[in-house]
Every structure is written in C-alpha cells, then in structure tokens.
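What follows is a single structure, and I will ask about it in a moment.
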Amino acid sequence: MLVEFNIVPIGTGESMGDVIAGVLKVVDNSGLPYRANAMGTVIEGNWDECMGLIKKCHDEVMKTAPRLYSSINIDIRPSKPLDRLTEKLKSVEKRLGKSLKG
Amino acid sequence: MLVEFNIVPIGTGESMGDVIAGVLKVVDNSGLPYRANAMGTVIEGNWDECMGLIKKCHDEVMKTAPRLYSSINIDIRPSKPLDRLTEKLKSVEKRLGKSLKG
Amino acid sequence: MLVEFNIVPIGTGESMGDVIAGVLKVVDNSGLPYRANAMGTVIEGNWDECMGLIKKCHDEVMKTAPRLYSSINIDIRPSKPLDRLTEKLKSVEKRLGKSLKG
Amino acid sequence: MLVEFNIVPIGTGESMGDVIAGVLKVVDNSGLPYRANAMGTVIEGNWDECMGLIKKCHDEVMKTAPRLYSSINIDIRPSKPLDRLTEKLKSVEKRLGKSLKG
C-alpha cells in the first residue's frame, strides 16, 4: 500500500524544520522506499511496515513536542502490488505524454 | 489519542452507504468510544487499539471493494489523557458560552 | 457539497481551545449549517459559501498565530443535493437498524 | 501558501489514471508552480489562485464522475513567503546534510 503522512508538532514554535529533519532521518533509516515532498512523505510497504514506521516517527516528535497533529492518507489496491511509489505517477505521465515535475 | 478516519471504497459505484454501514458495525463491536459524523468517525484509544480497529475496517471494506482510499487524522496530547472525545469539544463550548450542534 | 475542515494554529503553544472557539464563533455567525466534532467541523453549502467561510476562519486564526496547518475534506455528489449533513448519517443508521452516537 | 490536494473520483471504476491525467493537465495549464507525487499535487500561490485552481480540477473530474472525494492540506506562513515549494524541503535537507529522494 501507498501511504502519505505528515506530522505537525504543536507547542514547539513556528518553525518545525528540526523536528521534520528528525522524522526524515527515522524514515531514511527504516529501509522502506519513500519520497519526501514539501507537504509530506510518501512511503510504500504493507500495513505493519508503514504503520510501524509512522509510529516511530510519532515517538521521535513526542521526544520534544507536548502535542502533535498527524495526517495519514492511504491508497490500497491489491491488483497493483509493485512499486506504485514510482509507477502510479509514471502511468499518468504516459497518458499526458510529458514528464511531470516531481 | 484521538483519531478521525474515513474510508472511501473505490470501484464499487457511487453509493457507499452499505460499505460504511459495515465499517460502523465493526467500530461499534470494537468497544472503543466513538462518534460518527457525516464525514468520518472519531475514535479514542491508544495507538494499538485505534490502528488495530482501522485495520479491521479496511479489511471489511476490501471484502467488497478492489481499492480504497483512507484518510486518518490524529491528535496526541499526553497531558490530557482522559475522555477527550467529549472533553475537547466541551472546553470550546465553555469558552463560547453556548452548546454546539454536535 | 459537504466539507469537513480543521485548522491547527502553529506557534501559539500547546493549547488551541481559545483559537478554536474563535473559529467556531465565525462558523456559527455564518448561517451555514454545521456540526462540530472533536476533530473538526462539518459544513454544508456550495463551493463559494464553504470556501468563503473557511477563508474567514483562516483569517481569524492568523490574527494570533504566525502559521497554520489546515485540512479540508470534501464530498461532492450532485445527485443528493439536500441536507446531506444529517441525511448521510441517517441513511447509514437505517441500514444498521440503530442510532449512532453523534 | 502551500497546498497539497488530491481528488478521488467515485463511481468511475477502480482505475483513476485517466481522470488524474486530466486534472494534472489543468494544473499544468494554470501556470502555478507545482510538484506532483504519487498521492497528490503540491501547489503554491495565494488563496484565490490555489482555490481557483482546485475548483477547476473539481469541475474537470465532475465531467465524468458522479461523485468525488477531495482532500486539501494547507500550510500558511506569512513570514516565509517565497518559493516554499522547493525551499521547505531544502531547509530540511540542509539540516540532514543529505539530499532527499524527491
């Protein structure tokens, strides 16, 4: 399954760059395929892999923040099991006949 | 923690009332405190309870749908551990000096 | 259309009850039908009504917060135009044969 | 402001690649800066630009779908007005000392 998540630390001030850097270190160390964008991170794996990683990221944020908001979006499509992280966008680019700014 | 989730079955037609009824039966049977609204269901519990329940709801939907989109929003605030499902809104009503249409 | 939104003020500390109370005052004054829950507020109207109201709520939050995160979920179904704020849940309750905790 | 949105057409079958391609054509023609990823599209602009574009994308989807779900996430931070589409991620990469897979 494909999962995009973003975590917003609350009560730690206006800037959240340090916290997000800590989160992305956890993601990078997980070994799961991922793509970071300006509003969240998309990961691919099965339920336990994805949710286990997001739990770890929450724990990372709660080390410094007294509260957090977290938003998770999931796309599950068993008939297309492989490498949807890149294939999903590629299939749209093929239809458009042009490469999208990733 | 507080979690709102909603699951959108894909490939099963325009109406999703039957699927959502199946999901809410699973939620109701779980024993976790919950409130359903027109756009989702808010549940309260710890990580394993909440995510375990959402996983079961996904499995319920995947019995009939070839694909699903699911959206999960989480509010974690350890300093306010108890009954936030009702207390969070009550604290706002108190500030407003009026009861909100729930 | 049905719209659920929630606004998270950033940089104003752990508690957001005062800010949310301000937002709900704006919603209440708008005259649009709405239901507040522990994780957001569901409103019903056309695009301009709903988005105009959410813009006003953002402006309200930005009076005191240097930054905000806002999450909006929309369900558009032209074949069911009327009072989906209550009818959508009722149609599920009918299928379940029981009243849901709202 | 930064906005990520994704639109899920309902009642048009399991595959949504054709619909998403149509949406991205509308985004590409808008002239707004954007980045597409496997779960959504991030755009940058002011409220009217961003919401006007998302409205156009909805209209595009409603040409073929009887219903849609749409999810919009917004980050507003007036103190950092310029090119957050690329700068936000860059500031995290700088902290990490490595380039992220975009």
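Every chain is named by a letter (A, B, C and D) in the order it is written, and numbering of its residues begins at 1.
FYI, a contact is a pair of C-beta atoms (placed from the backbone, for glycine too) under 8 Å apart; a residue touches a chain by one contact, two chains touch by 3 or more.
Quantities reported herein were computed from a predicted structural model and do not represent experimental measurements.
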{"item": "Which of C-D and A-C has more C-beta contact pairs", "value": "C-D"}
{"item": "Contact-pair overlap exceeding half with A-D, pair selected from B-C, A-B or B-D", "value": "B-C"}
{"item": "Chain B and chain C: spacing of chain centres that average the CA atoms, whole Å", "value": "15"}
{"item": "Chain centre separation in whole Å, for chain D relative to chain C (CA means)", "value": "21"}
{"item": "Distance from the mean Cα position of chain C to that of chain A, given in whole angstrom", "value": "25"}
{"item": "For chain A, residues that touch 2 or more chains besides their own", "value": "10, 14, 66-67, 69, 71, 73, 75, 77, 79"}
{"item": "Arrangement of touching chains [line / ring / star / complete / other]", "value": "complete"}
{"item": "Interface residues, chain B side, partner chain A - complex", "value": "10, 47, 51, 55, 58, 62, 66-79"}
{"item": "Chain A residues within the chain C interface of the complex", "value": "8, 10-11, 13-14, 16, 66-67, 69, 71"}
{"item": "Residue ranges of chain D in contact with chain A within the complex", "value": "2-4, 6, 14, 17-18, 20-21, 24-25, 28, 34-40, 42, 71, 73, 75, 77, 79, 84-86, 88-89, 91-92, 95-96, 98, 100-102"}
